[in-house]
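Here chain A shows up in two complexes: once beside chain B, once beside chain C.
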Partner chain A sequence: MSLKTAIDNGADAVYMGFRDNTNARAFPGLNFDEAQAAEGLRYAHDRGRKVLLALNTYPQTDTWSRWTGAVDRAAKLGMDAVILADAGLMRYAVKNHPQLRLHLSVQGSATSYEAVNFYREHFGIQRAVLPRVLSLPQVENVVKNTPVEIELFGFGGLCVMVEGRCLLSSYCTGESPNSAGVCSPAKAVQWKETPAGLESRLNGVLLDRYGKDEKAGYPTLCKGRFEVGGETYYAIEEPTSLNTLDLLPEMLKMGIAAIKIEGRQRSPAYVAQVTKVWRAAIDAVKKNAAGFTPTPAWMAELNKLSEGQSHTLGAYHRPWK
Partner chain B sequence: MLNLPVFPPLLASLVNKLPATPPSLMFSLAANQLLWPALKALDWQPLSGRRYAIRVKDLGLNLRFTVTPRGFSPDSGTPDLTISATARDFLLLLSRKEDPDTLFFSRRLVSEGDTELGLTVKNLLDALDPEAMLRRLPLPLAWVAQRLMAA
Partner chain C sequence: MNLSLGPLLYYWSREDTLAFYDEAASWPLARIYLGETVCSRRHLLRLPDWLDLAEKLHDAGKEVVLSSQTLIESESDLKALRRMVADGRFLVEANEWGAVRLLSEAGAKFVAGHTLNVYNPETLDVLAGLGTKRWLPPVEMSRDSLAAILMQAPAGMETEVFAYGKLPLAYSARCFTARHYNLPKDDCQFRCLDHADGLTLSSREGETFLTLNGIQTQSAGVYCLISELPSLRELGVNSLRLSPQSRHMGRVVEAFHAALEGDASQTAALARFMPGKPVDGYWHGKAGLEYAHGEESC
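This part shows the complex of A and B:
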């Protein structure tokens, strides 16, 4: 339903995953079986939009065929592209389905044009999603030196800055996105109201304790508050959302091919609100980039949906650089 | 946006004094009659046999039930999953005006118990197509639901 909502509200392309750990959002009840995927594709294609399949986890040796099977299914269903992180799987796709369009996932952690061009030369990738660790001038440097389309994150929860290489979730639960397709698996998460506040725990490890009326965040280790040197604070990262609406004219001017917005594990209500704002903003920039300023109404709408207390421009904006 | 009155506290405290079973029984009977025909095609397998509680805080209502292949059934055991919110927030959720994560992070929606079960319920409900659902609801209820979603 979120796919339909995204398309109805103006998304040019929507990501989906199959119902297993071949994608990094392997949550119970989420994602698409083959019939649902076909229905989603039909809905998108009838309206001139695209569907991209996230196949962005790393295959495990004993279940390699699950990943290659997913590539085969993607080709059979007519996915507009598959987004991959594993080089072995890319090789499989190129050999067996040369017509299938390949994108490099953020989980591949390519941050330089040399890395992006390597994937281009060896596997013919046509687009790369850059990790959220680069500043805008660094992004521009990549864009200028590669024929590969570049896709950037625009809105959503921020990860700790080791994208594609983070093992924090495994530390507590034995499962993390690259191997198990999930960060903080729901079965390991506990929420509990206590006299001291709302506690979130991951496999028994206390992540945070929220005071009455204090906004809560995703139950991930990177966003917990911990006691370090006698002080309790966000020792790894503060829970904030990325919101790059302010940078949109610059991003489009440097030739960014697509803006990526978090939505795959979110409800239709969120998807509708966020997609509507970004569609309107992108159209406004295309009409008049010089005169673009995000309207207060857009910002208010996005702030309401942000995780944590605030939003940030992330690493894109580093004035001290 | 919906502008619903807060339920009068006196009335809420009266409802609160009723034993839990009659409201749970009434809820299950009504839900089976009105909603089940529209919901039964969903994949209930991972959810059936588990115990649920819906607490409507401002109404003092505590609805406890389980789901079977034949529909909802009242239950008085310890719930595996308890979802609490105000009547207004439940309506905002049902009419898809608000996102459950947003309500949860802003502490308006409280989920206690089995987190994985809660996520499965959320994803099941998110996958519902409201238009198809409306067509399968009894007419008066479909009318109310449509008004809520358009509000």
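This part shows the complex of A and C:
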């Protein structure tokens, strides 16, 4: 399984989710039941690594006990931390499991040190994952003004919207990451070959139409081609991935505690390759930050795995905005 | 149940903005939210201007609430937020948790905006303990989910529901209006000024879908709960938020006011004053772009 693969290839910690909608990757075939979670933890701990449990959707009133139950199980299993987004759930965790380490999920949408420090003061969070919307100087300003460890996205999908504050998916399909743990859910996707080309739709809305030589990607709503003012283009974002390998020395220098690599919706082969490259890169920066340049082999490997076969530095690099 | 005018989400000229609020002073509204909530680059009205306007509207008998910026990115954003909190004359609407921290530290009562993501009574209770006197559910929340929260809502908590207007759906570091004009965000030439109700995004088969409003993405459909007043009342909702649009806003307020008074004669005509097709799917637990009520009712 991917968890073992990530650990074998050098991940310091691995995120996992339970097999329900308590995490923001509630896709079929993903995630763990309790026995698998315990096995994963054992595997990680035997090798001195950590497992972090994602409980980062927003609990609804009538299913509240599913989320508190998940917090209880995390504590019982001995998870190294739980990643939460909901303030009410954080209060529950602090009250019932004071020893359990809490991280603020990217779904918590904290983009300033005032917000991060709010969660620190009230719930004792020890780490926050920042949304992919800040530039590196803005990230540095957060790091300098909080005792909370800061984790950044390094590689994977590019959410162009502030995580936790994007309802585009539910507007189109009725399900959003906040409420249902999914974005652009697979069950709402339709593919159709037409004389005009291959069409992808989400709940009936045409997201894109591909020419003969175009590679069709997963129809994530914000990465479709739309018409604005008579022009058809990627009006929100091209189907590219985020790859910040170039920025690694700067990130480590400003005191970023961890780099997050998306792996939970990926194949073990993908996880192995990406983790191996990033492990080597981080070790190289730690050895000699000034002399660090990503090797062409690393970049080629990562590009091969990127959505749309291209990548961007995203908002970390100001001109992208 | 009374009516609130939400913060102006678009960027209009100074003259147009002031003229809009001049008119609004005479509309049957209990309260008006003021301030720039979308983009820190929009500067035709700055905090002192909003505060002047707030005084005027207060004198005209409106409750005034200052609404804070939704996406805080820089130290200067935080400075602006601190100035708003420090003024202290008016209630503030917190639109992210940094504002919650500053307001609770200041010991101020405040409004918890719809982007704070309150999806359950526990989180609402956390906010109540910090000084929230009124809250707005996320715009995607259904009637049934809201009903479940309100069964256990903290005593005295007022509820306001986003009931009319294009739905604010997402916020980004990137400016989609500038992107449309191939301009960098830092040199956007304030193109939002040319789009008084945002820039419509359609599918490649011409179906209107979303609205680009700078760094904010809205629905193209106009959320409208005017036919839902009985269920809103039954839930104990205290206020309905009507979101500003550039034309016919007075007619919209009038139609809601009449409907609240039991006069539905203007309800059917409301669709003519909308800058898009009506939608109400969220309220019924469906995709937001759906419209459960059919053409005749909105």
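Things to note:
Throughout what follows, the second predicted complex is superposed on the first by the 315 of 321 C-alpha atoms of A that agree within 3 Å, B and C clash if a C-alpha of one lies under 4 Å from a C-alpha of the other, contacts with A are read in each partner's own complex, and residues count from 1 in each chain.
Just so it is clear, a contact is a pair of C-beta atoms (placed from the backbone, for glycine too) under 8 Å apart; a residue touches a chain by one contact, two chains touch by 3 or more.
In this text, all values refer to a predicted model and were calculated from it rather than measured experimentally.
Looking at the shared chain after the overlay, A:119 reaches chain C, while chain B stays out of its contact range. Touch criterion met: A:191 reaches chain B, while chain C stays clear of it.
Once the two complexes are laid over each other on the shared chain, residue contacts for A:299 go to neither chain B nor chain C. Touch counts on chain A: comparing chain C and chain B, the chain ahead is C.
After overlaying the two complexes on the shared chain, residue contacts for A:77 are found with neither chain B nor chain C.
Using the contact criterion defined above for the overlaid structures, shared-chain residue A:226 touches chain C, although it does not reach chain B. Contacts of A:313 after superposition: neither chain B nor chain C is touched.
According to the touch criterion, chain A has no shared surface contacted by chain B in one complex and chain C in the other.
Interface residues of chain A, counted against chain C in their complex, comprise 58-62, 64, 85-89, 91-92, 108-115, 117-119, 121-122, 132-135, 138, 141, 160-162, 164-168, 170-174, 176, 178-179, 203, 205-209, 222, 224-229, 231-232, 235-237, 315, 318-321. For chain A in complex with chain B, the residues that touch the partner chain are 1-2, 4, 27-30, 185-187, 189-193, 198, 210, 212-217, 266-270, 272-273, 304-305, 307-308. Put simply, chain C touches chain A in their complex at residues 70-75, 77-78, 81, 96-102, 115, 117, 119-127, 138-140, 145, 148-149, 151-152, 167, 169-176, 179-180, 184-186, 199-207, 209-210, 212, 217, 219, 281-282, 285-289. Across the complex, chain A is touched by residues 46, 93, 96-102, 104-107, 110-112, 115-116, 118-124, 126-130 of chain B.
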